[in-house]
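Note that chain A is present in both complexes that follow, paired respectively with chain B and with chain C.
Now for the complex of A and B:
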């Protein structure tokens, strides 16, 4: 742009083109502008949104966990009373065990399959888009749609969809969501199906960064296919694998939609999770203090887990 | 992936029958498994959406055992369940979420990557820190914030702002956009400044057009995540006239007959699947990116 009129944000008057002194002066204004008001104006959206909806609520949550509040009566400072109340609630113990059980099952079912699938898909030439598309389709399904559909699949009668399929092999009928012992594994099965595609894509992205000459070098050194996979492919995945492990644990600890829509926490509280309990405290009982106290406890546990995980894996990753 | 690249298997490996035969068998098995797990539920839902209830309940594996195809299920679900109306709400919510996210991450990226004020480091650390705080701590206080905003004391519940704005505070989006802006050669900005372009003009005429690909990825990711969201709209949009399809479906499911319910599920699924098939490349790239950033 030939003239300075195109610089409204800096407030430089038009026609300041010409003498070197004035040009230098304009540069100085611009530089000051970068550090002054214009930069602040551009930072406003991120500042406002993060203040209101991210930093603010975190601080407010920490404060609220020490208060008694139901939005009607005046706010009361109660110290650690909420934490005592929450820790004495027998349902919290049950929910913690249920959540840990879910996480364990999710790791057993859900962790190895995407890794193996991605390793296999990365060896395909041509047509691999067909495989990735198919693997990603469940991820596209909105969770509510998937859950309502699977709730039908899990029909406990012998003519239910899954029971009919298993019936062909002479198995079942299984009660699926109707029995306290199989309800949680059924939920894990659906959640695994719904999430596996995402993990496959992330592993595949990591595998494409493995340089071909590493495989060639290994091959020249006489490494067979199995050893190439073990010594070249897997070490490359290690960082992502560890990270996905952590993300999966943190994610499954916050499970909510599935137990709410599948079973509502039943049968016999076998699928009550910590987040479902937080939801009930806050939005069913109106006890916001107890809800935030439990949230803070969960967040602390997750933070401790992440920190321990970082410490433990630092040694492996720098090896 | 181009044909010249290689993985653990070399070209010579692939020619050996010892390797080729199990590899081909593996491909068939994996493809069959993916067809059943990925496409199976979709196809079954399509079939059930146009079947009488009794067919789906009594013989879920058979193809139209009573010989009747009820196309009218789809129309009934559309009208009785107001599926079209709820899909409209969902689209408004998704579009607004994407717009809010784009404004926040594009301007933030510009400040952090191009303008680089002295306090930029502090801002980016504060944004990054939120990646490490589990969302769960802030669920309840976030709800109370939306119920009564600080300073202005506005109540955002039952307005679309309640679902548009909070997801915009997404550190991951800010981070990928900033990284993309970092990759734009600095000479461009200097040249533009020498030509007399101001801060705003550099942003609108230079940075935004250059960063269309990454902004597209951010828009897609926020559209899909808002389309899938359930808990948050359930909490803040209690007025049924504003609710998205995800909140409406469980309620519809309670009061309608099974064949109509399944038809409704199918209708709710068509748009995300179509979007995915059209923008497949960008989708998968976005997900891959997220893995790269998190790692």
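Now for the complex of A and C:
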């Protein structure tokens, strides 16, 4: 490992080498800065657009969470009143639990599926493009279409598609989306189906970077598929896996389209998620203060989660 | 002066777009001092608020009856009282329907251009199969219950179904509560009033149909589109809906016209009335007085002229027939009732819907009392009531009284905000 060569550059403070070095260092900084000006000019339009359209709304959201506004009348500053209102709304607690429940289910079922699928696909020799395409296909389908299709599959009567298939084996009929206990798992099933393709592609890309001689060496040593997965594939996927885990947690916490189109948050509020609630606050009730206050709370929670996750896994992922 | 007008049909609907554009051209010819800038903007809950915020709202836009009270409370629409008085239109409109667009002080913020009241939509074929008379839909909830039971037993389909999601649960619960003689909010809109006997009786009826009679099928989650699809597919015997759903059920979802039936809203324990719905035209809150006056002229020209001019009525009906749109679907009169009857006689030769299937509705609807939606935060109230209805239909042991008490507390908190 190249630790010996990098250590002096970063490890030794510049000051210990005398004034000449310091002057040279300052000169280098100035030169870099001069080089930076044209670069900055080039970057400026992008920077402005980025600030305006990416950070502008964020700041506006923060400001709005402290206001009472209908976007027409002069705004009224209400301090933390919106936060107080949101935290007192019993639906927020329910939505938080529902969202966490979805995240947990999605991690248990949605996370391992694409990993296993990618490993399986990478082991296939011929026609792998075909299997990859098949795995990716659901991603191409527009979510609204997919959800409408699945709603049809989930028809709770015994003549519904899933129920008639299961009926052949003497099972069901199951209420799927129409019962508070099975609605969320049903949504997870569809979401896993719809989202797996994306993750599969990323894992496959990571797996192709594994040097072929590692597999060959493992095979020569008599390693079967399980040991190849454990000793060759998984170590190579570790960085990607951690990143995908974080992305998935952040993504699942923002679940919105599925509950909106599948159940509208029902039955009995069992699929109301935080984002659905934010949407309802803003676009159904026209209560932007409450909507932005809840958004800010969600953003804070996700930022804290990401930071904690990074701290907890930093050692493991760079080891 | 130029005003922007919304609701121009998109290019994927060329027949209606051409009709709309012709109307715009005719208007500009008749009013040379006003220019129109048509926009494809239509009212959509998800984009409307953003358009208000961005100042992108057209000067005139069509919105459903559910919205005016919220828009008035949030001051997102213009006060049209003076402009309407100036035009003389205020006296021509049906005062019963106009109430939808008024605030507590009686000021008018919108112009109703189409109205209906909720009734009971039913499948005439399923009625016949179940041995019921398709010309005599149930008039009381006891009769609804009996008919639903018979349909479920004889045909295996759900005898009755109800919308429950995306605020339609609360919407239909309100309709049903009204029919049982109850109310949702007090007149001032400051307190929930549904925690009482009529609402309990309404929910108990639903509960018994679902769990005792087992006449409501397995589906608990229906929204506005979903229930129409299922009904058109012949899976539902009856549900609460409005006559204008004919278009979606028959034309979009393919139920044959002869199977579509609609009766008046079934009542329970007296003649209490039914909930009303429809569309109103609103004007941007930023409009000047002159723009408001021009907007009123356009609204009258585009939406109300056909009721007062025989030429306009016949042309509009002919155009609709050519565009394969239903002509003659009954509704509530938005103009004074004598003029309404005259209008009906003008378009009679062009009617292309089976009016006899609407007869049970029309014979009663004209006299049935119509009740507007809850005056304050109707959508939030509906949202709080969705889970109540879902629980009653999803849980046999649901405690109806406790559910209503809890929902009333939620609603009270919202009304106080």
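Keep in mind that, in the parts below, the second predicted complex is superposed on the first by the 260 of 319 C-alpha atoms of A that agree within 3 Å, B and C clash if a C-alpha of one lies under 4 Å from a C-alpha of the other, contacts with A are read in each partner's own complex, and residues count from 1 in each chain.
The definition used in the following text is that a residue touches a chain if its C-beta (ideal position, glycine included) is under 8 Å from a C-beta of that chain, and two chains touch if they have at least 3 such contacts.
What you see is a predicted model; the values in this text were computed from it and never measured.
Asks: Between chain B and chain C, whom does A:149 touch in the aligned arrangement: first, second, both, or neither?
Replies: A:149 contacts chain B only, not chain C.
Asks: Is A:85 in contact with chain B, with chain C, with both, or with neither (first, second, both, neither)?
Replies: After superposing on A, A:85 lies in contact with chain C but is clear of chain B.
Asks: Figure out whether A:56 sits in contact with chain B (first) or chain C (second), or with both, or with neither.
Replies: Touch partner of A:56: chain B, not chain C.
Asks: Looking at the overlay, does A:39 come into contact with chain B only (first), chain C only (second), both, or neither?
Replies: first
Asks: If we overlay the two complexes on their shared chain A, which of chain B and chain C does A:219 touch? Say first, second, both or neither.
Replies: So A:219 only meets chain B here.
Asks: Applying the document's definition of touch, where does A:302 land relative to chain B and chain C: first, second, both, or neither?
Replies: Once the two structures are laid over each other on A, A:302 reaches chain B alone.
Asks: Just chain B (first), just chain C (second), both, or neither: which does A:73 touch?
Replies: In the superposition, A:73 touches chain C alone.
Asks: For A:283, using the defined touch cut-off, is the partner it touches chain B, chain C, both, or neither? Pick first, second, both or neither.
Replies: The answer is both, since A:283 touches chain B and chain C.
Asks: Quick one: name whichever of chain B and chain C touches more residues of chain A.
Replies: Counting contacted residues of chain A, the larger count belongs to B.
Asks: Just which bits of chain A does chain B share with chain C as contact spots?
Replies: Comparing the two interfaces on chain A, one with chain B and one with chain C, the shared residues are 71, 155, 282-283, 288.
Asks: Over in the complex, which chain B residues touch chain A? Could you list them?
Replies: Against chain A, the touching part of chain B is residues 1, 3, 5-10, 13, 19, 23, 26-27, 30-31, 34-35, 37-39, 41-42, 44-45, 56-61, 100, 103-105, 107-108, 110-111, 115-118, 120, 123, 126-127, 130, 132-145, 147, 149-150, 165-166, 168-169, 171, 174, 193, 195-201, 203, 224, 227-228, 230-231, 235, 245-247, 249-250, 253, 258, 261-262, 265, 268-269, 272-273, 276-277, 280, 283-284, 287-292, 294-295.
Asks: For chain C, which residues count as touching chain A in their complex?
Replies: 45-46, 48-49, 52-53, 70, 74-76, 164-167, 169, 217-221, 223, 226, 235, 285, 377, 379-380, 383, 386-387, 390-391, 394-395, 410, 413, 417
Asks: For chain A, which residues count as touching chain B in their complex?
Replies: 1-4, 6-10, 12, 17, 30, 33-36, 38-40, 42-47, 49-50, 52-58, 60-62, 64, 71, 117, 120-126, 128-138, 140-146, 148-149, 152-153, 155, 159-161, 164-165, 193, 197-198, 201-208, 210, 212, 215-216, 219, 225, 228-229, 232-233, 239-240, 243-244, 247, 250, 253-254, 256-257, 261, 275, 278-279, 282-283, 288, 291-292, 295-296, 298-299, 302-303, 306
Asks: In the complex of these two chains, what residues of chain A are touching chain C?
Replies: My answer: residues 70-73, 85, 88-90, 151, 155-157, 173, 175, 177-180, 263-269, 280, 282-288.
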